[in-house]
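What follows is a pair of complexes built around chain A, which joins chain B in one and chain C in the other.
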Partner chain A sequence: MSGWAQFRAILRKDLIRELRTRDMLVSMILFVLLAMVIFHYAFTVKENADLTYFTGGMLWVTFIFAMLLGLNRSFAQEKDERCLDGLLLCPVDRVTIFFAKSAGNLIFLLIIQAVAVPVFTLFFIEHNYAGDLLPFLVVLLLADVGICALGTLLATISMNTRSRDLLLPILLLPLIVPVLIAATGATTLIFAEGAGFADLAARLLFLLGFDAVFLVAAWGTYDFAIGE
Partner chain B sequence: MKKLVIAPALFAEAGICLIAGLLLGFWLAPVDASSMGYSQKIFYYHAPIAETALVAFGVSFVAAIAYLRSGDLKWDRLSYVSVRLGLLFSILVMLTGMIWGKAAWGTWWDWEPRLTTFLLVCFLYAAYWVLRSVVDEEQRRATYAAVFAIIAFIDVPVTFFATRFLPAGMHPTVITTGGTGMPGSMFVSFFISMVGMTLLLAALTRRDLAIEKLKDRVADLKTTIGG
Partner chain C sequence: MSDSPDRREGAAPLEIEVEGLRKTFGRREVLKGLSFSLERGGFLSIFGPNGAGKTTTLRVLATLLTPSAGRITVAGHDVREDPMPVRRAIGLISHDPMLYLDLTAQENLRFYADMYGVEGREARITELLERLELSHRRYDVVRTFSKGMRQRLAIARAILHRPRVLLLDEPHSGLDPRAVDIFDGLLADIRAEHTFVMVTHNIAKGLELGTRLMIVESGRIAYEQAAGGDPASFTAVYREHVQEGSAL
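Showing the complex of A and B:
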């Protein structure tokens, strides 16, 4: 079996398992919607308050916490059902496991965003940003790749420790602050000022660089993280 | 049994350099002409502490790679000790930065890139510590800690770069690619303090390594005795 076939097989397994129960996706979507309602009450301090400059922050805080929920869940199942042990016994390159798990997490995050962004637009965005949709999608995708790569690596480590899901936010959040800064800034610029590719160039390049650096770093260290 | 290495000579050299750097900072270097005045003197410790913290994290990064390559626990000890000292120095950077900020700009905290980076670095390496505390098995703890130390060190410059996207702060940029922007007498004081701080790091690292080694020995002896 080639590496590409192994990658597809692991990814397919993750997707099928999730689509059968939908445990993780349903909780993540509900969490995201609830978070938006809570943000509305938390930030609307006076009538007709303008929340435009908070939109990037609201959106990314919600995504990051939803992602934490999903990551913990996906690895808890692997561990509890001893699925990971099975995977490790197969003649599969550990790096293939990393890329397949990251891709799975990325797909789940994109599904969440596909539901969350329209609802968010309905709740909080007053002007039409259809013209800026492409830069927004690029920001989403670039930030998601970095978050999923680091998230997958650290979730693999944290599930093998005593505190398991308690540990993941403590490890992951300080590491992805750079992504948050760039993605939040870019998203707010798009929603509040209608920024295009030219205005976002520095942030987009930064996100691309972040993805490249940490994909390589995670690729180099995953073998050790997943263990024997 | 080998004697405990506490490197008194290194401590003494570090102390001499640090005192000399401070005295020269007051006597030789000019008083800052801008609004900072005498409060600028803290620079002769603040900046060397910051650079020493980064050196300590750099050592932990290299030691972590060495551990993953060799599996020898001595590298894990070095990585751990360096992170601990780096964290201590980072906290000192923030404290001296806050004191300076209060004296020069009238505010204890300012979200400017360098101070923000050090705050995030503190969280990052505090997480390293938490990670170590929740893994019982020695080899596994060392491996996870090494992976995290590598990722964390790569994240430091990335974080610093990202903080540039935040609205600008008030921190002066002293050392740029164009030179140090310091008169000679300031540079001498700064350089001596810097050497002193690096020697202090080396002395503390040696002492901590010796203590960690002893701790491991005690643990081994306990197991042998059957405690």
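Showing the complex of A and C:
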């Protein structure tokens, strides 16, 4: 049995389940939309105020909190009826489980962003950034990989604890700060100044490095993280 | 119970060997040096009071828990050093069905078939669903199944990949009489092909099915015998140990 086939089986199972129940996607989308409405009223202190330099921060804070909701739910289903035991009984490399779960979370985050970014643009962005769409998509993808890799690892560690709903944000939020800083900076530069790849190089490299560090860390530790 | 190699000449090869199994959770030692073995095709029934360490033993054999000490081999492979072949060789039926409630019966079995690399996946799934009288619910989500139906599907999940060793943790728990009949019929059908370890409080079932009987109490083997003895005397010993265990 190849790891690739097992990866696809776990990912397919998670996608079928989520597309059937939609409990994770619906809660994440609702959260993101409500957060934007709240940001809109909270930050509009003056008519026609320029919020461009706040946009990156608003966007990424919203995505990270939305992902916290999703991560807890993505592992809750594995605890139901002891499905995790069923998964661990299979002759599957634990790292394959990590990559499949991370890929699932990444797909869900991208779906959320596909809904949220146009709404966000409508609410907050006055500058037309259509010409800078490619750098923005690269920032989204690199930051998402880091959020999902770290989030999946930490959600796995916290899932076996009694206070997992509390533990996951306590573990994730401090560690995700570097991604937040780099992604917020890059996004704001794109929205506010129309920055291109050359202007974003340092931030993109940082995000790439973060992704690599946590993917390698998960590779080395996931067997212990998902064990007893 | 563990026989020396020279005494075992002509006997079936050992499928499970456990030597000095210890398991601790924090400071609490749950298993305190269990040793036993089981020949291929054998059926070991493990009894004992709640908290005696029966399920922990089963979970160590299933590679779900790592032993703190001891040497445990299943199907010739060390559970700690070489867990992948052990996982291919075992199936676990527990009172929790380990099924995804929002997937259909077919989707659950397809998922596990893919995880085990089952050849002839669709034919095998169809065969098992028919054998377990679940064909008519093939496309229904498991959430709509009764407890007995979920347990039958869990049996299909556990034997889908044709494991050599079946680990049964209170398999009759929560089953209605019809489901018990189907389950026992299936066990009888596959009895010759597998080695079994069953943890149970159901003394009648344990005695009926077991070729070896073992009572675990406070993490140690308190009593063991080959099947075929007097059921009444074993029952008396069991009740004595369960009462002692409950009093601890």
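FYI, the second predicted complex is superposed on the first by the 227 of 228 C-alpha atoms of A that agree within 3 Å, B and C clash if a C-alpha of one lies under 4 Å from a C-alpha of the other, contacts with A are read in each partner's own complex, and residues count from 1 in each chain.
Here, a residue touches a chain if its C-beta (ideal position, glycine included) is under 8 Å from a C-beta of that chain, and two chains touch if they have at least 3 such contacts.
Being a predicted model, the structure only gives us computed values, none of them experimental.
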Legend entry - Contacts of A:L89 with chain B and chain C, given as first, second, both or neither: second
Inset, instruction - Could you say whether A:I170 touches chain B, chain C, both of them, or neither, answering first, second, both or neither? - result: first
Legend entry - Contacts of A:A202 with chain B and chain C, given as first, second, both or neither: first
Inset, instruction - Quick one: classify A:A182 as touching chain B (first), chain C (second), both or neither. - result: first
Inset, instruction - Please work out whether A:G227 is in contact with chain B alone, chain C alone, both, or neither, and reply first, second, both or neither. - result: both
Legend entry - First (chain B), second (chain C), both or neither touched by A:F214: first
Legend entry - On chain A, the residue positions that both chain B and chain C contact, one per complex: 227
Legend entry - chain C-touching residues of chain A, taken from the complex the two chains share: 1-2, 5-6, 8-10, 12-13, 16-17, 20-21, 77, 80-83, 85-92, 227-228
Inset, instruction - Please give the residue numbers of chain B that touch chain A in the complex, ascending. - result: 68, 120, 123-124, 127, 130-131, 134-136, 140, 143-144, 146-148, 150-152, 154-155, 158-159, 161-163, 165-166
Inset, instruction - Show which residues of chain A lie in contact with chain B when the two form their complex. - result: 150, 153-154, 157, 160-163, 167, 170-171, 173-175, 177-179, 181-182, 185, 202-203, 206, 210, 213-214, 217-218, 221, 224-225, 227
Inset, instruction - In the complex, go through chain C and note every residue touching chain A. - result: 62-66, 84-85, 87-88, 90, 92, 94, 96-103, 107, 111-112, 114-117, 141, 157
